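Got a structure here, written out as structure tokens. Questions coming.
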Amino acid sequence: MTFFIEVLVGGLLAGVMYSLVALGFVLIYKASGVFNFAQGAMVFLAALTFVSLLEMNWNFWLALLVTLVVMVGVGVLTERIVLRPLVNQPPITLFMATIGLTFVLEGLSQMVWGSQPHGLELGIADVPMEWLSQKWNINISKFDLFAAAVSGLLVAALALFFQKTRIGRALRAVADDHQAALAVGISLQHIWAIVWAVAGFVALVAGMMWGVRNGVQYALTFTALKALPVLILGGFESVPGAIIGGLIIGASEKLAEVYLGPYVGGGIESWFAYVIALLFLLVRPQGLFGEKIIDRV
Amino acid sequence: MLYREAGQFRSTYAEDMQIFPIRQDRIALMLLLAVGFVVVPMVATQYWFSALLIPFLIFSLATLGLNILTGYAGQISLGTAAFMAVGAFMAYNAQLRIPGIPILASFAIGGLCAAAVGIVFGLPSLRIKGFYLAVATLACQFLVLWTINRVPWLTNHSASGVIAAQKIEILGYTFDTPASKYLLTLSIVALMALAAKNLMRSETGRAFMAVRDMDVAAEVIGIPMMKTKLLAFAISSFYCGVAGALYAYCYLGTVEPEAFVLDISFRVLFMVIIGGVGSILGSFLGAGFITLVPIFLNLGTTFISDRFDIEISHALVSNMELITFGGLIIFFLIVEPNGLARLWQIAKEKLRLWPFPH
Amino acid sequence: MSAVPQPKTQAYLAINNVEVIYDRVILVLRGVSLEVSEGQIVTLLGANGAGKTTTLKAISNLLRAERGEVTKGQILFQGERIDQLNPSELVRRGICQVMEGRHCFQHLTVEENLLTGAYTQKGADLHAELEKVYNYFPRLKERRRAQAGYTSGGEQQMTAIGRALMARPKMILLDEPSMGLAPQLVEEIFEIVKSLNQKESVSILLAEQNTNIALKYADYGYILENGRVVMDGEGKSLAENEDVKEFYLGFSSGERRSFRGVKSYRRRKRWL
Amino acid sequence: QAKEQFVPANFYWVGPYAPGGSGIAGGMIDYFKMINNKDGGINGVKFTWEKCETEYNNGKGVECYERSKKHPPTGATLIHPLSTGITYSLIEKGTADKIPIVSIGYGRTSAADGRVFPYVFPLITTYWSQATAMIKFIASKEGGTAKLKGKKIVLVYHDSAYGKEPHAVLKKEAERYGFELTLLAVPHPGNEQQSQWLQIRQIKPNWVILWGWGVMNPTAIKAAAKIGFPRDHMIGVWWSGAEEDVIPAGSAAKGYIAAGFNVSGQNFPVIQDIKKYVYAKNEGEMEDKSRIGSIYYNRGVVFGIVTAEAVRKAQEHFGKGKSMTGEQVQWGLEHLNISAAELKKLGATGFMQPLKTSCYDHEGGGQVKFQQWDGTKWKVITDWITADKALVRPMIEEDAAKYAKEKGITPRDCPKGG
Amino acid sequence: MSVALHQHPRAHPVGEVLLSVENVSLSFGGVNALTDVSFDVREHEVRAIIGPNGAGKSSMLNVLNGVYHPQKGTIRLRGKSFHDMVSHEAAAMGIARTFQNIALFKGMTVLDNILTGRNLKMRSNFLQQALWWGPARREELVHRHAVEEVIDFLEIQHVRKTPVGRLPYGLQKRVELARALAAEPKILLLDEPMAGMNLEEKQDMCRFILDVNDHYGTTIVLIEHDMGVVMDISDRVVVLDYGRKIGDGTPEEIRGNQAVIDAYLGVTH
């Protein structure tokens, strides 16, 4: 039983890490209807910049600040160079443009900082909490809890932002119809610059958390892959969906791997999350909290 | 006015319904085929065959397949590489297990098995749309590769899962030189492209496009959604399956799951979008762009650094290439969001009016 | 027929010799000039595809999003060139467009749609504005919580117009406001337009197919055909014009023609 | 004919595999530069090379191969594909083009049977050899092979062809010694291993063998720390045993053990020579000089040494001071004999193992050293441990024979053992 | 404003009840789009549905061809009742329609759009089509002829090869009608076919509708806000308001109906 709980809790906490990455996707999708393929590259760029600055003996907060400035710069430039000329284009075109952006960001980060992996420690050890493991024989890492708290905070803040503010409403309007948004005087430039900057910030947070876990290296770009099933399960447009989706995916895939894996040869984690998400979609095609696809005649 | 249709009258519908109603297009195509089948084999080097032309053709075929699904029927899929893998492995098994089966039949079996898998993974498309569907098709990608890794029968119990493709032999002739493999690939691709073109300009193609553009309306005018979507998945996967078999047999020479990773799925999707969603020609242009541009970029930088004897760190060069490639994608999209095929079409429209601006 | 109007000194909005090309090859407007004086209602008439929508989009600078561009001519608002301003700046300056085909934000509720319209009105009293719109369109109040995507065609049209009003514009570009509205509502909308014009001195440029009603309310009218202005004049004088009567209002020799009788109709004479 | 010997440098400098690719490329090219500068090449024939980015991608690898194979003066001398996938794709092409495919420490294990694979050289040691060496190492730690009985060993492997390589060998070993073997797959890329390591916590194995790649390695080490599994009972394969695999794991990696067929460090004469003849002139490949002497860099130097010695051997046979063709170098590769004395001359004693190949055996030594991470650097903790060739060789021959049958190849005749 | 109704005898006089709607109710969540509506449509007649915005007219059409499934009530076609009919089944039974918000296939040319209307009549399978051979080719030709007839009839020859997205609104509406006609329907449902048209185009459209009704005897159900059109061309009119039927009768009767005037017409036209 304790083992079951351990797997469950471990899965839930792992899921939170997925949510962190998924959140970046959600932000941009919600605000512009763009499926941002470059999210993984942004996570990589942010974490790599941050860790490289740290290794140059910068002060932690200064490094954080400068990285943030870099990410905001990337956001603003993306708006200028990529998105603005592509207003009102079909989603698939914008998607492709973000793929181009991925190449640019990946090339750029490796060009500036090199492709060597780095270690990152934030001072919170990724080891089990002793009293828990002694008393209950359950292993829960302090760092995992920290990561969960951080994502919880982020999600709450962002959800509030989208629901309650003028900008939040404008973001949703832009996602629905670029042209009409322009016509009511929403400045796509501002909106997109804001969103991409916030997404850059989220990428930085995700990059730091994952960087502590796996080291800062190119493979951070792959974290995006883990976020995709979370994304469709929770719904592309939903901030709370990202966290709930993450919890469901995290827990179910761990449980499946541990309890089902041995019977079929293991490694089922590679697809299990997707199959779960797919099954959910068959019931709710827009994900748990996504916006209903409106097609009327 | 190089590209002028004036003076070409079509007096019957049959004429109007020709595959290329405009004479210049017909001539251009003939020339292209002549170059492909005759001139290229005479002049190209092995490098051209095995490093450029064969992969280009095979990717064109896969792109064509995905374009039928995504471009014509409007269903985005990220399972292309999985369908290719099914094609490759089933072709291998057909060759291995059915004695005396002709290689082309094996390719077809590979394609048909891929089509079957495609139908199964097409079922969710009846309910799920857009990017949701795209991500959901990833399930197919991972599940198929996982299965190949897990079921030893599929890899004939090979230790590592990597197997060598069998010899290609048709009517006693062995295709073992790059040139002969190229010709074989070209023939298959040309024929299948022709079939795709025919299909897309007849009822099936129109049904696909109708479902793509507005599925409720399509249903209202009597197009059965289920049949149409599943057929699209089947045909598309068939193309991808054959492409996968060719990829294994004519290009790499090995059949292995790692050759069909997610990356390939994405690359094929890039090709579709860059080339032009819903265009046969675009499939070729897109495949050309994505496979050849990085190589030419690389050849270019190598040439420049050789010529001017600049010692730049290679990591820098590789990264620069990556950035340039990404930049080019963005550039072309901004110039023409609907892909290279549309760019070509606009160019033709301009040519038609030339030398007048409008 | 008539030529380009002589530029007056005090035009509120003036378009001079504008040419628009779509997709770099399709020439749609071939030198359109028109102007709107302050406080005027001006209507733009013309057959399908004449270029009415394109003209309005050229003014509000929404063409780029459709891969169209203004290749010639200039557009002046209050004497300043505005053809390089981005759309949100235009809204801030008081030019607001109601697009053809509604373009509501489907996933937002009707009320949210309206609120978005006030995006540029930072710190304004949104409640009062909302109430004003609901006063104009009581039906919207009933449906305020419905997602716009699920409302009926007419309801969406009301939402779109209401949304534009929320920005407190000085000048509204209306693209076919009557399309798809019940006759009663068409009258109402034009009454609203008129009251906006008179009470709040909003200038109006409106593209309309319903010539009858448009000319009834308009001070001035332009008739567009094939991307050119072919006729213009005071609303009344246009309504009196024999050709206009025949081809746009459906009277033949003073009698309204039945739609059932059109089988034996006369092909319209083309000006160009 | 120009006195040049062309070797393609088809490696990778970008992407997830870049740390390995760029390090190995740097080591090999630096070694060539050193030979050119110090000795004026091999008997006056200087090495040339051209870099081509393969991105660890089969298609790109083939493209690079095709591009480099006809390079003047004699075409590609031999090729290091540095990827198992690319190696497989090149087996037939190389054989047809008569260009040796050299895969040191990766590639197709059964190609060690030179009778079936004349142009393929999985030199020094294969995955299978290594797996047996690992078991030997574990046995030595446990106090003899007899003690293995009833012990639990878990293999945590990258779920791919590469990760599946050792399964068969380990299963045989498990049968032979009576230990309990559990195979745990980690899906690519391996940045999430919670469930695997929770299972390990449940199994409580004595040893964990890590058959990982890239990000999978530090993640595994961290996950081990998280469940409190002792790192000094984790043994990594040689692609899990570079600085790049442990540094990202930080302090968690302390005590972790990995296999290797070369060692790290700068204190070998050969590395000093590279510094003296190459870096002193500012001609070095590595921008980050601290990477000189790292595991990957030194592995690249091993690649360089083997290449150079094969060319030297070929020249001895076909004419000194001439550029060798691929076919001639194939002979050289089959007659390599880098003895201890030879190693000393090369300044590589203890740096790599002696190597002797034959037409029959394309692997050579098959020895492995084990090293432990002390938090800042790798420390060698064993001498060369020889693989259990008696176990591995028959498996190799069986697999090669199957391949020969499938392909309709008649194996060459080779004098046994010579 | 008197208008002579039937100027010449119709080729297909109005006949038996073809389609009847009985006590249909439809709601979406809290919104009652239709409440207990009943009416019938006779063979060969032109039947108009009018009512204020949001009255439920479009929803009624959607019920008629199976896009929406009413919670209560039945639809009878030639006396046979249907429950939960799927829209492509409706199409197979000869019901074609146009949409309020144009639902053309934007990526296709006019010709292709209209050809899709004939998909139910196509028999060749996709393998034959892939080869463009034998039956497939012959069939394409036959249908092309049929479609060209519709094109001629609706006078859209000049835009045949234009992608529909580029056409002005009015022409798009006409293409949509053409697509519906290509199916040779028994019943044609038109949802505001004349919205956004100027007078001349409306006249054209009326002419087409009447001709279809006349030549082919097609039964027509029409939603329209232009009272002139409705009064002139329809045989009978149903009036909906807030989802309920508030009037049903000939145009004259409707014109005089006070409830209708209050709810819909406002000032008389």
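Observations on the structure shown:
In this document, chain identifiers A, B, C, D and E correspond to the written order of the chains, with residue numbering beginning at 1 in each.
Note that in this section a residue touches a chain if its C-beta (ideal position, glycine included) is under 8 Å from a C-beta of that chain, and two chains touch if they have at least 3 such contacts.
This one's a predicted model, so the numbers in the text were calculated from it and none came from an experiment.
Number of steps on the shortest path from chain C to chain E, with steps defined by chain touch: 1.
Comparing the CA-atom centres of all chains against that of chain B, the greatest distance is found for C. Of all chains, the one whose Cα centroid sits at the greatest distance from that of chain E is D. Here B-C and A-C are compared, and the pair linked by more C-beta contacts is A-C. With centres taken as mean Cα positions, chain D sits 37 Å from chain A. Separation between the centroids of chain A and chain B, computed from CA atoms only, is 32 Å. Look at where the CA atoms of chain A average out and do the same for chain E: the two points lie 48 Å apart. Residue positions 13-14, 18, 22, 159, 187-188, 287 of chain D each touch two or more of the other chains. In chain A, the residues that reach two or more other chains under the touch definition are 106-107, 110, 114-115, 265, 267, 270, 296-297. In chain C, 150 are the positions where the chain touches two or more neighbouring chains simultaneously.
Here chain A touches chain C in the complex through residues 87-88, 166, 169-170, 172-173, 175-190, 291-292, 294, 296, going by the rule given at the top.
Those residues of chain A whose C-beta lies close enough to touch chain B in the complex are 35, 81-82, 85-86, 89-93, 95-97, 99-108, 110-111, 114-115, 225, 228-229, 231-232, 236, 264-265, 267-268, 270-271, 274-275, 277-278, 281-282, 285-287, 290, 293, 295-297. Those residues of chain E lying in contact with chain B across their complex are 65, 67, 86-88, 90-92, 96-97, 99, 103-108, 112, 115-117, 119-120, 122, 124, 126, 129-132, 136, 139-141, 144-145, 148, 179-180, 183.
Considering their complex, residues 26, 45-50, 100-101, 139, 143, 146, 150-155, 157-158, 176, 179-187, 209-211, 247-250, 256-263, 265, 268 of chain C touch chain E.
Those residues of chain D lying in contact with chain A across their complex are 13-16, 18-19, 22, 159, 183-189, 191-192, 194-196, 198-199, 201-202, 214-215, 218-219, 222, 225-228, 244, 247-252, 287-288, 291.
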